[in-house]
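Starting off with a structure, shown below.
Residue numbering begins at 1 within each chain, and the chains themselves are lettered A, B, C and D in the order written.
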C-alpha cells in the first residue's frame, strides 16, 4: 500500500521546522502502509501536546482527547470493536506525567494496542518545562535551579509490570524505527514504543547529536525474552539501548480475556440482539 | 440506615408494611426488634407509646419500660439451640412473617434464596430458625395479645420488590447499555455490581477502572466506537470527571453518568444521603455546552429515566446525568413490574460516506454521528476547537459557528423535556416543590395532611427546567421547597430560571432522608 | 494574540500608544508592520484608510493598495546587511521607537535586557539593527511625511509596565505566598514562571506537580503545615481540582487558586481568551461550603486581589479563587507603581494548647487554626464528617453542627466584601454590568461615547455578590451586561441572587477579547 | 517512650474483629515509641479506606485527606516543615489504584517520608472489589468471572524507579514488621513498606494462613544494595520475600535538593522575613 493514502492535502503542520515529530509522522505512515492497514480500520487516540497532533496530519479515524488521557479511550475502543487497529500516540508529559496512572494500569490490562510515546524529554507545547523524562540538572523557566527529580524510566517500569512488548526507538532513524513500529503493531497485546524525539526549540541538551551519541542498537543476538537482562538494559544510562528490549511470555490480551468475547467473536458494537425478552425475565424474577 | 463500617456499629433497617401503597420512610416505629444492647438507645427518638418491642432480656433497656410495649422473645437462646447465635436474625424474620401472616412457603423460599451461596446445613438451620420465629409470631396473633391489621392485596403478587439500584440498573439495560467503566464508590457501586451480575446474560462489558478519570474517558471511547457506555459514581468521584464531561460536550460524544449522592463535602458521610451535588452536576466541566439531568423520584422513574438517558445522550450527542442518592438507591419496596414491551433502543449511528464530516454544520446543530469502521468515511473527533472534519482550527469564524452549533442543541432538548408532575389539586394555594428521591415521602405526607389546597410539583428532569415551571409557581399563594441539602440548590436554579424566589425552604442535611412525620410537622406549621 | 504553536503561524502583537491612559484593546490599526506575507490578509478587518503600513515589498499585499497608506522599508535587507534576517524584528522595533521619539538610550537599554541571555555579538547586532530602524523612524518624522501626536508624560516615568501575570505574581508575593505547586497549562503558566523566577529572592518553594490533582493536594498540605500555598491553572486543569476544592471546604484548610481562563470546552483554544469558567469555579467541588471568587479588572486589581486572596483564605479557612483570563494575563501596559508600604501578611495561625480542637464550635463558625509542631496540641483534619477534634463521626447532631459551622462563615465573608465599582454618572439611566478583564475596554468605550446617562458597574469580587447589587440594578432603566462568553454566566448569577433579569446581553465568544470599537458599536445601537 | 502516648481513650474502632489492621496499628505505635517520636512532631497523612483510618485511632497530628491523595499533602508538609516526621498510611487501592500517579512520581522526588501500604489485595471499605494487587482469578461482585488483570507489583515498580528504600512486611508478625518500619522511618529519603494485611471479611483467599505459607524472610546475608538481585526478588511470586528488599545508593532527599533550604535550614513555615523592601525593589524594576 502506498503511504500516500494517509496524506492530507494542504496540510498545515504546526510543528517547528526541524522538529523530530516530522520524521515520526512519516515513519508511522510508512509502517502502516507496509502493514496494509486501511485508514478506515485504524483509530489513533491521542492527547494534547505537540506529539498528539500527529493524527491530525493523517487521513485516518482519530480520537484527539484530553491531555494525559489517550490510553483510556483507546482501550475502550479496542474492547468494543477488536476489529480496529488501535494506536495511542503522544508525548512524554501526556503519557508518563498527567497520564501516568493509566500507563501503569493499562500495562496490567494488556490490551491489544500500540503505544507510541514521542519522548523529547520536555514539555513542548507549553514551552519548555520539565517533563517526567527530563534529565537531572536541566534548567527551565519553572525548574530555575535545574531539575532535581529522578527521570522517569518508562522502560524499566513497563518491564517491572511485565508489559508484553517494550521497545525504544530514535526518530532520527526512519528505517529501524519503522521496523520497530511494525513489530509493535503486529504484536498481540500491549506494545510500548518509547521514541526519542529531538525538540529543537525547547531542548537544547538532548539534540539529534546527543541522541545519536547516547544510544546504540541492541545486537541481533539479544534475547528480549529474558526479563532480568531486559531490566539491566532498561536501567543503563551511559548509553540507551534501542530496539525491542522486552517481550513477555505470550499471554492473552485484555479483549481475549473479556467474557463478552468468550463465546462470540463479533465486535460488541455490531451486535444487535433485542434484549426485551431477557429483560422481561429479569424484571419478573423480582416478583 | 447503616454506618460506614463493615461489621458492627449501630445499624438499623426499617421495614414498612401497609395495605396502601406506602413507599416512604417514617419516623415512628411500630414494631422494633433490637438485636444488640445499643439499638434501643440509638433509635430512642423513633419509639412511641404504640411501639411494640420484641426483645430478649439482655437487649432491653429499662429506661424504656414505661415508654412502649415490650414482649420478651429469647431470640439468641432459640438460635443457639439450633446451633449458632447468628441465626437469631432469621428467628426475628420468621417472627415478623408470622405476625403478618405471610405464607410460610413464600417465607421459606426467601430464606433459601438469601442463603443460596451457603452450605445446605446452614440453609436448613436457617429454615428451622425461621420456622421457630414464625410459630411465635402466629402464636402471638392467635393469643390476640397483638393485633395487626394489614389487608393482603392480590395485585402485589404481580409486583416486584426491588431497590433504586436495581431500577436504575434495569433501566440501563433497557436503554441498550453495553459498556460500564467505573471506580467503586458508595453508594453508587450497586449499579456497577448489578450490571456486572447481568453482564453475561446481556453482553455488557464491565470494567473496573483504575480511577474515575479513566472511567469516564473509557466510557467516552466506547461511545465513540459505537457502544453505549456509562459510568456510575458519587460526588467525590464525579468531581474528578469534570474534564471528561467537558470533553463530551466538545467532541459531542454522548455519555451517561449515574451519580448517587451522599453527604459532602469531601468524604463526608459515605453511607448516608443528601441532595447536595445538583450544582456540581449542573456546572461540571469547563466551557459551555448543553446537558440533561434526570433525578428519579420513585422506582418507576429510576427505570424510565435510566432507559431514557441512553437514548437522549445518543440523540443529542451530549452528556446525560442520572442524579440519585443513597436513600433512593438503597430503599426497597414493591412496585408494578416494569413494562418493557414498548421500549426501543433508538439507533442514531449512521453509516459514513467517503467525505464524511463528523461536525457537519446543519440547521439544528446536530451532525449525523458515524463510528470508525462502519462505512467509507473517517471519523475524527477533537478536543480542540475544530472544523467540520474534526480538525484543529484557530479560525474565529469556525469557532463561533461551532460554539453556536453546540449550544443550539439546547433548543432541541427544550422541545423534548419531561414535564414536572403535579400531585394533588390543580387549584392549589400552597405549592410544594421537590425533586428526585423525596417524592414518596412528600406524597404520603400530603395524603396524611389531606388538604385540598396544597399540591406537590415534582421534578424528575431537573435540567433544563421545563418552561411551565414559572406558571406553576405564579399560580401559588405560597411556594415551599423541600430539599435534602443545606442551601436549596434546586430553589436557586428555579430562581435563576424564573426570577422567582421560593417563599419557604424546608431543608435537611443531617445525612438522613426526610421522614413523613418531619414533613408533616413542618408543613402543618406553614399552611 | 497568538496561535497555539511554537513557531510560525500567523501571530500579531498590538501596541497602543496614547497620551491618555488607555489600556484597552482596539480594532483599528494605526501603524502596521507585517513581518510575513500572510499578515496583512490576516488582519484585514482591522485595517482602515488611516492605517499606515511599513513593509518591505515582499510582504505587501496588492489588494490593499488603495485601502491604506503604505511606506516601504526594507527590513529584511537591512537586517541581512547586519548579519541575519532575524534582526528585522529589531529594525521594526527601532523604527517605532524613532517614530514615537522614544529616548534612544531607553530603547538601547530595552534591547540589551531583551537579549540579556544571548552572546555579546548578538546583542551588538541587535543594537545596530535597532539604530538603523530608529534612524528611519526619526527621518520619516523629520521629512514630515508622517505626523504622530503623542504627548510625553512625566508621570509615566514613574509607572511600571507589566502584564497581568506579573501583577498577579507580585500580589501573591505581597500576600505571603511561599509555596506553589502547579502543572503547566496555558495561559496560567506565566504566574508559575514568574514565581519561580522570584523563588530564591523570596524563599518560595516552587514545585511542578505530576498533575493538577497533585498540585492542589500539595498546596493543601502546605497550608495545613503552616505555609501559604497556591496553584495556578486553567479551566481544564481546574476541572481536575474539584475534589481538592471540596476537601478544602471540608477540612477548612485555606487554599488559593489562580485560574486563567481560555475558551473551552475541553482543550478548546489554548492560547485565546474567554470568560467561560465562572460557573465551574462557582460550583466546583461536591457538597456545600463557602468560597470567594475575585476577578481582576486591571493591573492594580490583579495585584490587590492576589494579595488579598491569601489573607482572606487564611482568615476564613476557605478556598479563594483569582479568576483571570488569557487577555488579562498577557496584556502589558503602564500603571502606577504598586504601593507596598501598607500591605500586611495577616497572621491567623495560633500556637496550640494541650487539648487543642481543630474544629472547636464557636459562635461565628471560625475555629482557631493551629499547625502541627507549633504548640502542645495535636492538629487533626479530616475529610470525613468529624467532631471538634477532627475525628470521624457519624452522629447526625455533630454533622448538622459542623455543616452549620462551615456555612456560617458565609456571613463573615458577606461582611467583608469588595463592592462593585461604579464608573460614570451616579444618575445613570443605562447601566452596563461587567466583571473581570473587560474593565478597561468598557471604560474607554464609555469615554468614547461620552454619554452622561450611562455608567459601568464593574465587579472584581464576583462571589459572593455584594448586597448593593440589586439596588444598582433597580436604579437603571436599561441594564446591559457585557461578557466574554456565550451564556452570560455572570448575568445568570446576578439573576439567581437578585431575581432580576438583565435587559440586554452583549456576548462574545470567538476566542478574542472585546475591542473598544465593538463595544461602542454595540452600545450605540442600544442606548 | 511508652507506646501508650499514642493511645486514645474510649477509641471506637470500626474494623472487623480479626482484621489485620489492628496489629499494624499496634506495631506502628510500638515502632514510633521506640524511636522516641513525640506525637506533636509526627504527622500521618492518609487517604480513604479501612487502612487510612489508622491515624484516627492514634493520638497524633493527622491529615486524613482524599482517597488516593495521601502522598501529595505529605510531601508538601515535609517540604515546608522538615522538622516533622511524616508518615503516609493507606490501602493498596488508595496508594496504587486511585493514587498510582502520585506513587510513581513521588518516588522520583525522594521526599524524606515513610510510606506504609496496608496491602490486603482487596478494596475493604467499599466491600470487596478487586484492588490493583488482587491476584488473578479472584472473584468479586464486580469481577464476576474473576480478575483478569496482572496484579500490580509495587516492589518491582519502586525498584524500577530506583526508590531509595523498598521493603515488604506481614502484619501478622509484630516483631519483624516493627523493625522494618523503624528502619523505614530512620531512612533518609522515600521509604516504601508494603505490608501484607489479611482482610478477614472480603478476602477469603489471601488469609493469615495464606500469607504465612506464601512468604519468607530474606536471609541476613541478602544485600539490598544490589538492584538486579532486588528486582529478581521483587518478581518472585511462588513465595513473596519479606524484609528490606532494596536500598539505592544514598542520594539527597527532595527537601535537601530544594533551593529554599540551600542556605537556610529553618523550616519554611517558621520564617518570618518581611518582604516589603524586596517587593518594592521588584516593583520598581518594572519601571
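In this text, contacts are C-beta pairs under 8 Å (C-beta built on N, C-alpha and C of every residue); 3 or more make two chains touch, one makes a residue touch a chain.
Predicted model only: the values in this text are computed from it and were never measured.
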Between the pairs C-D and B-D, the one where more C-beta pairs touch: C-D
Centroid spacing, where centroids are CA-atom means, of chain B and chain C in whole angstrom: 42
Averaged-CA centre spacing for the pair chain D and chain C, given as whole angstrom: 40
Between chain D and chain A, distance of the C-alpha-averaged centres to the nearest whole Å: 31
Interchain centroid distance [CA atoms averaged], chain B/chain D, Å: 37
Contacts with 2+ other chains: residues of chain A: 48, 65-66, 97-98, 100-101, 104-105, 132, 144-145, 258-259
Interface hub residues of chain C, defined as touching at least two other chains: 3-4, 9, 199-200, 210-211, 213, 236, 243, 247, 251, 266-267, 270, 382-384
Category of the chain touch graph - line, ring, star, complete, other: complete
Contact footprint of chain A on chain C as seen in their complex: 3-9, 183-186, 189, 192-193, 196-197, 199-200, 206, 208, 210-211, 236, 266-267, 270
Sites on chain B touched by chain C in the complex: 3-4, 9, 213, 235-236, 238-240, 242-243, 245-247, 249-251, 263-270, 272, 274, 276-277, 279-280, 282-289, 382-385, 394, 396-397, 399-400, 403-404, 406-407, 485-487, 489, 492-493, 495-496, 499-501, 509-512
Residues of chain A defined as touching chain D within the complex: 97-98, 100-101, 104-105, 107-110, 132, 144-145, 148-153, 156-157, 159-162, 227-228, 231-232, 234-235, 254, 257-259
In the complex with chain C, residue positions of chain A that touch it: 14-17, 48, 50, 65-68, 97-98, 100, 123-127, 129-130, 132, 141-145, 201-202
Footprint of chain B on chain A - complex, ascending: 39-41, 43, 45, 48, 53, 55-56, 59-66, 69, 72-77, 79-81, 83-84, 101-102, 104-105, 258-260, 264, 268-271, 273, 275-276, 278-280, 282-284, 286-287
